[in-house]
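Listed after this line are the structures, all set down as structure tokens.
Both of the next two complexes hold chain A, though its partner changes from chain B to chain C.
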Partner chain A sequence: MVALARQLDTSFVDGSSCEKIEATMVRVKSRYLLCEINVSDRRELLKLDDRAVAGTVKAAVARTHGDYGAALCSIRFCVKYLNAHTGIVFLRFPKGCYKLLWSALPFITSIECRGQIIPCFLNCLHVGGTIRTCQKFLIRYNTQQLHRMLPKCKNEEEKRQIQKAILSFSLTGGGNKALEDELESEEEDGE
Partner chain B sequence: MSVFMDLNVLFSADRSRMQSLVETAAHLGFSTVAINYVFEPTTKKKQEVPSPVPISELIGQLPVVQGRSRPIKVLNRLTVVMSEASHFRPNATEYRAFDLLAIQPTTEKLFHTTCMLCDVDIICISVTEKLPFFFKRAPINGAIDRGVVFEVSYASALRDSTMRRYTIANAVCLMESCKGKNVIVSSAAEKALELRGPYDIVNLGALFGLSDADSKEAVSSTCRAVLLHAETRKTASGIVYTRISQQEALQDCVGSRFFHIHESDHSTGKG
Partner chain C sequence: KMRAGAEEAESSGYQRVVLKNASPHQYLKSDLPPRVLEDESARVSAIDLKTFITSCLRSLFGEVGAALNVDVLKYDEETLTALLRVPSRGLVKLWSSLTLQGFYQNRVCAFRVLQVSPFLLALTGNSRDLQLD
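Here is the complex of A and B:
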């Protein structure tokens, strides 16, 4: 995916002529868009899968920007991560044309998955150059969401669970899993 | 962090729908939302200007804005669709109940009168039909000098492909004439699913022909300028402010905050 071939440049400077062997830094750069899928009914989120989302985005880009957009979308676009419980999705676009493809995302009004049409919209939260930066942002964002949910807790037990989850965040996989369970159980109670 | 506002959210009598609209707006990060009552007078029968439902009746508990610690502000706005010059009566008493006033002109002569003379805050550019008139620099510059802004709304573009073409065509025409100044982009959302996040709208502005900086201004600082302009309509030259003592608490704090701001920012030239 990321080809890192780096040759340091060796520049010869001698009296009469300067010869520089150009550095060739080849790193394929992409932009990762962190989007949140908003639906009116949370249970519908669980029916989503990443191929449905990818198909919807490609169709929307084709509708808005025609063949040119569809061609750009086929370069390096894919859905890197989809969390059906919270509706978070990471989309990868090539760096040169991500703004054009991003401008087609507001026109998505529904996602079709396994024959069912789920009305929703995509809200972009963050644009990052790597998945790691997006993940860091997502952890901060999820912490904020838990803080927002804290006043809505109905009993002490849930409150303590949320506070424990907030304190135990880390960049490794363990924290995120606990977060997803919390969010899922809280959504059903706090609604 | 800048303050994002959505100044056009259509009013509907369904209370749960308004509630979910305001909650979605708060979740997306909008600090202020204006509920729009559209009034279309016809010459056939005398129609009453609708009076706004008080905010506390419409939405119970105002939700907290995402990323901030304040609850969302909800204002009232009236849009008059004008097809004749007699439709809009300046200084009418019914207009005082609304925080923002907007006009949607349908002919070129009316557009000229609205830009130069009428005492409004927002001029709506219709997006559901191909504009029957072209924009001229003179009235637009006159409007910009007075502090009136032009509004483009995007909800109809989300519904239908032909509407999308009209929206983009009209918006691009407007941007050419006004060079990207004094423009706001808002949703004319009827449902919670027709709202879009502020950064998505900033990107949509790039489709309309705005530069990046202008596009972000269209959702944040120009909207704030509109609110300040609306406040000055209620004051006498922006200095003296009178209010009835038994007003709702929300309108009190809106009024006093803008009063303080306006006193100190009187030289910004936008009021």
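Here is the complex of A and C:
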């Protein structure tokens, strides 16, 4: 969308001789909320899917803010990313009303998925303007979590695995996935 | 411009004071016209009215809207006229939820808002009902 705006700008500048016509497109802006779903039992997380989370958020907003909130939520809301292993979810809201919809998230006490009710609560970690900034934050956050888990390691092999995961971070999908698997195996061994 | 106005005020002995959002409450005089309620013998008490207003707010604005501090200051059961008080920030919410409410216990009804003012004294007089004899 931004590239198209730049193209429009340059074509108008070339066409007219002296004036530059302002033809910039106004960009549609959203806010991405990075939330973490906390459950008491980690195995319950694997049953989640994004449609269940979306339905739960819409129901909570309708309960807390009524028809007005439900209408705001239907414009540009969706669950952009859900990681069932770590419980990280990206929610997208329109920029004009994201604070109102954010205020309804603490009222979520359980998520219903395929007939099962999973008690949980949502913890918002970061608000970003794009998915990219949220991903950068997520990488930094996961690094901090792994650093915190390093002293609690039981044997040398886990230590080496964590250190390798920390060193291999990058913005591409590869590093992220590696550390998430690491996170999951750590937690399961820790229990 | 302001100075000219002040000089004019001093000369004529009349002073105009403008307050911006000075009043914490807004007062609303509203009416449920009896002819609109199909069942003429329905008695709506003050408590019924309060719960009705809260349910209107809840349907449009949810739990947060229902938590708005609406007070029924005066209520006349015969003419179903009510005097409501609401914090200034909640006036738009209250008014819009009263407007959009079409049913009272499965009966068609329509709230009519007669007067709105930040000052209670202003609701005592109404130029529409003024009789000039």
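The rule we apply is simple: the second predicted complex is superposed on the first by the 166 of 191 C-alpha atoms of A that agree within 3 Å, B and C clash if a C-alpha of one lies under 4 Å from a C-alpha of the other, contacts with A are read in each partner's own complex, and residues count from 1 in each chain.
Quick note on the criterion: contacts are C-beta pairs under 8 Å (C-beta built on N, C-alpha and C of every residue); 3 or more make two chains touch, one makes a residue touch a chain.
Because the structure is predicted, anything quoted here is derived from the model rather than measured.
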{"item": "Joint occupancy of chain A by chain B and chain C, clash or fit", "value": "fit"}
{"item": "Partner chain in contact with A:168 - chain B first, chain C second, else both or neither", "value": "neither"}
{"item": "Which of chain B and chain C A:119 touches, first, second, both or neither", "value": "first"}
{"item": "Partner chain(s) touched by A:38 [first = chain B, second = chain C, both, neither]", "value": "first"}
{"item": "Partner chain in contact with A:67 - chain B first, chain C second, else both or neither", "value": "second"}
{"item": "First (chain B), second (chain C), both or neither touched by A:130", "value": "neither"}
{"item": "First (chain B), second (chain C), both or neither touched by A:105", "value": "first"}
{"item": "Touched partner set for A:144, first chain B, second chain C, both or neither", "value": "first"}
{"item": "Of chain C and chain B, partner touching more chain A residues", "value": "B"}
{"item": "Overlay on shared chain A, then closest C-alpha pair between chain B and chain C (Å)", "value": "5"}
{"item": "On chain A, the residue positions that both chain B and chain C contact, one per complex", "value": "63-64, 103"}
{"item": "Interfacial residue positions of chain A with respect to chain C in the complex", "value": "62-69, 103"}
{"item": "For the chain C and chain A complex, residues of the former touching the latter", "value": "57-65"}
{"item": "Chain A residues within the chain B interface of the complex", "value": "38, 40, 63-64, 99, 102-103, 105-107, 109, 119-125, 144, 148"}
{"item": "Touch list for chain B against partner chain A, complex", "value": "20, 24, 27-28, 64, 66-67, 154, 157-159, 161, 164, 192-197, 199-201, 203-204, 206-207"}
